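The next part holds the structures, each set out as structure tokens.
Here subunit A shows up in two complexes: once beside subunit B, once beside subunit C.
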Partner chain A sequence: MDDPFVLAGVELSSRLILGTGGAPSLQIVDEALAASQTAMCTVAMRRVDPATSGSILDVLDRRGVRVLPNTAGCRTAAEAVRTAHLAREALETDWVKLEVIADERTLLPDPIELLEAAQTLVAQGFQVLPYTNDDPILARRLQQAGCVAVMPLGSPIGTGLGISNPHNIELIVGEAEVPVILDAGIGTASDAALAMELGCDAVLLASAVTLAQNPARMAEAMAAAVIAGRLARLAGRIPRRHHAHASSPTEGMAVF
Partner chain B sequence: MRTTTTSDVIVVGAGVIGAAVAWRCAQRGLSVTVVDPVPERGAWHTAAGMLAPITELHYAETPLLRLNLHALAGYPAFCAELTELTGLPTGFRECGTVSVAWDGADLAALRDLHAFGNTLGIDATLLTGRELREVEPALAAGLPGGLLACGDHQVDPRLLRAAVVAAATQRGVHTRAAQARLDTDGDRTVGVRLSDGTALSAGTVVLAAGAWSGQIDGVAAAFAPPVRPVKGQTLRLRLPGEPRLSHVVRGTVKGTPVYLVPRADGQLIAGASSEETGFDMSARAGAVYELLRDAQSLLPELAEAVLEEVCTGLRPGSPDNAPIIGSSGLTGLVHATGHFRNGILLTAVTADGVAELITTGELPEALRPFAPARFAQAVPA
Partner chain C sequence: MRLEVNGTARDLDDGTTLAAMIEQLAGSTRGSAVVVDGEVVPRSEWRDYPLRPGQTVELITAVQGG
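Then we have the complex of A and B:
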């Protein structure tokens, strides 16, 4: 099936994007990467040192997985912009997953700071992938600002609660002219499949895999779920009906 | 070449692992020299000294669990031997450990881990919130429950290391405060060269340089252990009056691990951050804040404690979190590193195993799954 996933002009071979936060060991990251067949992985700039060998970056490099640096932990636009610049220098990429978090209790994006940081970074030549609330209007404004994707949350980071407002995700998908990547809240495979059925172009998840009892197996499940959800979306689901509707024809049956 | 001194074994690294390897080798009649640029500092200086294989259990790390349990079983005898030979204490306390949950989700994770532990025959007891407060009355009200592991204990790594060094010194082990570079002759190790040009020759060199083990000059990439630094911060605190805790307390607070280790003299060690930021050893304010915040949410009175020390160390992390012990593949170069979170616990088994490898040519069976060769395929071409 010819269904390429193109992000900022780059074709990626998988619609599943992984984060590595919380992984128990590098070896487990490596196994999960292999099982997920992902093409891109996001890494917190705060938590890596590109100069030290043997880090997560080496594992990604060895697997040929593209690195998407993120600004996890930043609370203000200024801090996020500074972190994005550090990432660009250290990793030689213009791509940045922009996270500007309002507080530690909810880890929800701060919409005002996020939009300001997005506008600043776009003007400075970054390919900005903002982690945003599931707010269709904010998603629209981020697109207007020139972001190359929008990444609405399903539910707050690390909760595993799935997609708490599918209707909003559909609204975002409905008017998006850039890829929509569901980011945060995925707990298990059916959540990832639902995101794709709702029309998202890709899914980004971390702790659902890294904190699973068997991360590699969960990574494989997520890869299958993303493919299944995408196929279902393209195939077109049947309408929901309130009354039964037999799938076998009743005409021409023998009458006894 | 200036002076040459010959010994049977050179140990690179004077931390607790290196000193213990030196001692055990000397006990077997080998002459041993230890080389370390800063002998008095190492991860042991920061480590809390939990001997806690049961509450340290992770899914997918069952081979390491078996080694950890084996190491724990030998700990009382190891400490007793050290104290008998040197007259020095080690701070070994058979105090047990409670793992506590901060909220319902943390408790669910603890219950899952307990069920997994049961399948491996691990002895631990789930506690309700009320039972938890009976075991440790000073803990915060409202904690939903925990897990009691009577077999998980503690030692004081600073005392332990001092005792090991004293025992090694008694056996004639010399320590040189210098940077070492590996000396090789073709495909075998011949010794080390110090920063001042001195050559020390030995048939066997043991690499026990902790987080720096992958950085030793003269070790070809193919033989260097895949070790990376993982920064950890611990805090040393003291509450006036009676000890508040009788067990080691560890917990997850909203998914973040934290522990409190009560020493016999009333000191409390809180730890530990886990940061992958290279060889930077500076204390990060946010790590101190997070440790205090999470530790205080388990032990409210901690806010009144005196903060005596902020310590930073580098754990030697390996790709699978397990140690790297055994022949490097280069004749005469033996690795004793990569202990990550378990260096203190694995000190004795590592030292015994390396001494046995050097004297008999064979690693003890318990250590064979942790030989460097397991990473051979993972090294990029």
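Then we have the complex of A and C:
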């Protein structure tokens, strides 16, 4: 099926974007990458630790996976903008997953700081992919600011609660003119399929795979779920009905 | 000369450039970024950027993240 996923003018071969955080080793990341068939992975920017051996970048390079730096941990627009600049120098990409969180307990985006950071980074030439609340109006404002995608959460980061407000996700999808990427809260494959059925263009998840008992197998499940959900969306589901509707002919029954 | 790198005092040879320091501490300049005294220094300037005693350096790289 010819159904390309184009993000900021770049065609990606998979609608599953993998976060690499939480995996106990680079070996497990590597196995999950292979099983997921992903084309893009997020990384965080942190101080160099001379004691660390091996680099996540080497693993991504070997698999031919595009890198998407994030601004995880930033609490203000100013911090996020500086981190995006660091990422651009480090990774020579102007793509950034913009995260500006309000507090450690909820890890929910701070909408005021997020929008300000998005406006600043767009003006500085970045391709901004904001991690946002599932708020249709904030998503609209982020698009108006020039973001190349909007990435609403299904539920808070790391909770695995799935999509707690599918209606809002549908509203965001309904008026989006840029790709909508469901980001955060995915717990298992059916959550990822639902995101795609709701009309999201892609799914970004980390913990659901990296912390699964078998990360590679869950990565494979997520890849299948994203494809299944996308196909179902394109196929068009039947309407929900209150009463049964026979699928076998009611005419021509044998008479006993 | 003594500088502070990622919160730790470090002794480097006089005249060490930013590029040399990054290679020494991070193994290569690939995937790294630096902040010197609060300013992000563009990659294009690293080769010719001489470090000075007393400077505060943050040396950053990509790690696993969500």
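Details
Keep this in mind: the second predicted complex is superposed on the first by the 246 of 256 C-alpha atoms of A that agree within 3 Å, B and C clash if a C-alpha of one lies under 4 Å from a C-alpha of the other, contacts with A are read in each partner's own complex, and residues count from 1 in each chain.
In the analysis below, contacts are C-beta pairs under 8 Å (C-beta built on N, C-alpha and C of every residue); 3 or more make two chains touch, one makes a residue touch a chain.
Treat the numbers as computed from the prediction; the structure is a model and nothing was measured.
Residue contacts after overlaying the shared chain place A:N70 against subunit C, while subunit B stays out of touching range.
Legend: residue contacts after superposition of the two complexes on their common chain; A:V180 is shown touching neither subunit B nor subunit C. Shared-chain residue A:R62: touches subunit B; no touch with subunit C.
Of the two partner chains placed by superposition, only subunit B is touched by A:N214; subunit C is not.
Applying the stated contact rule after C-alpha superposition, one finds that A:A51 touches subunit B and leaves subunit C untouched. Touch criterion met: A:G21 reaches subunit C, while subunit B stays clear of it. In the superposed model, A:L91 makes contact with subunit C only, not with subunit B.
Of the two partner chains placed around the shared chain by superposition, subunit B is the only one that A:D30 touches, whereas subunit C remains out of contact.
For subunit A, the partner touching the most residues, choosing from subunit B and subunit C, is C.
By the touch criterion defined above, A:L198 lies against neither subunit B nor subunit C after alignment on the C-alpha atoms of chain A.
Residues 22, 26, 47-48, 52, 55-56, 158 of subunit A lie in contact with subunit B in one complex and with subunit C in the other. Residue ranges on subunit A touching subunit B, taken from their complex, read 22, 24-28, 30, 47-49, 51-56, 62, 158, 213-215. On the side of subunit B, the complex with subunit A involves touching residues 58-61, 112, 116, 214, 226-229, 255, 275-280, 317, 319-321, 378, 380.
For subunit A in complex with subunit C, the touching residues are 19-23, 26, 29, 42-48, 50, 52, 55-57, 67, 69-70, 72, 82, 85-92, 157-158, 184, 206-207. Residues 6-7, 25-26, 30-35, 40-43, 58-66 of subunit C are the ones touching subunit A in the complex.
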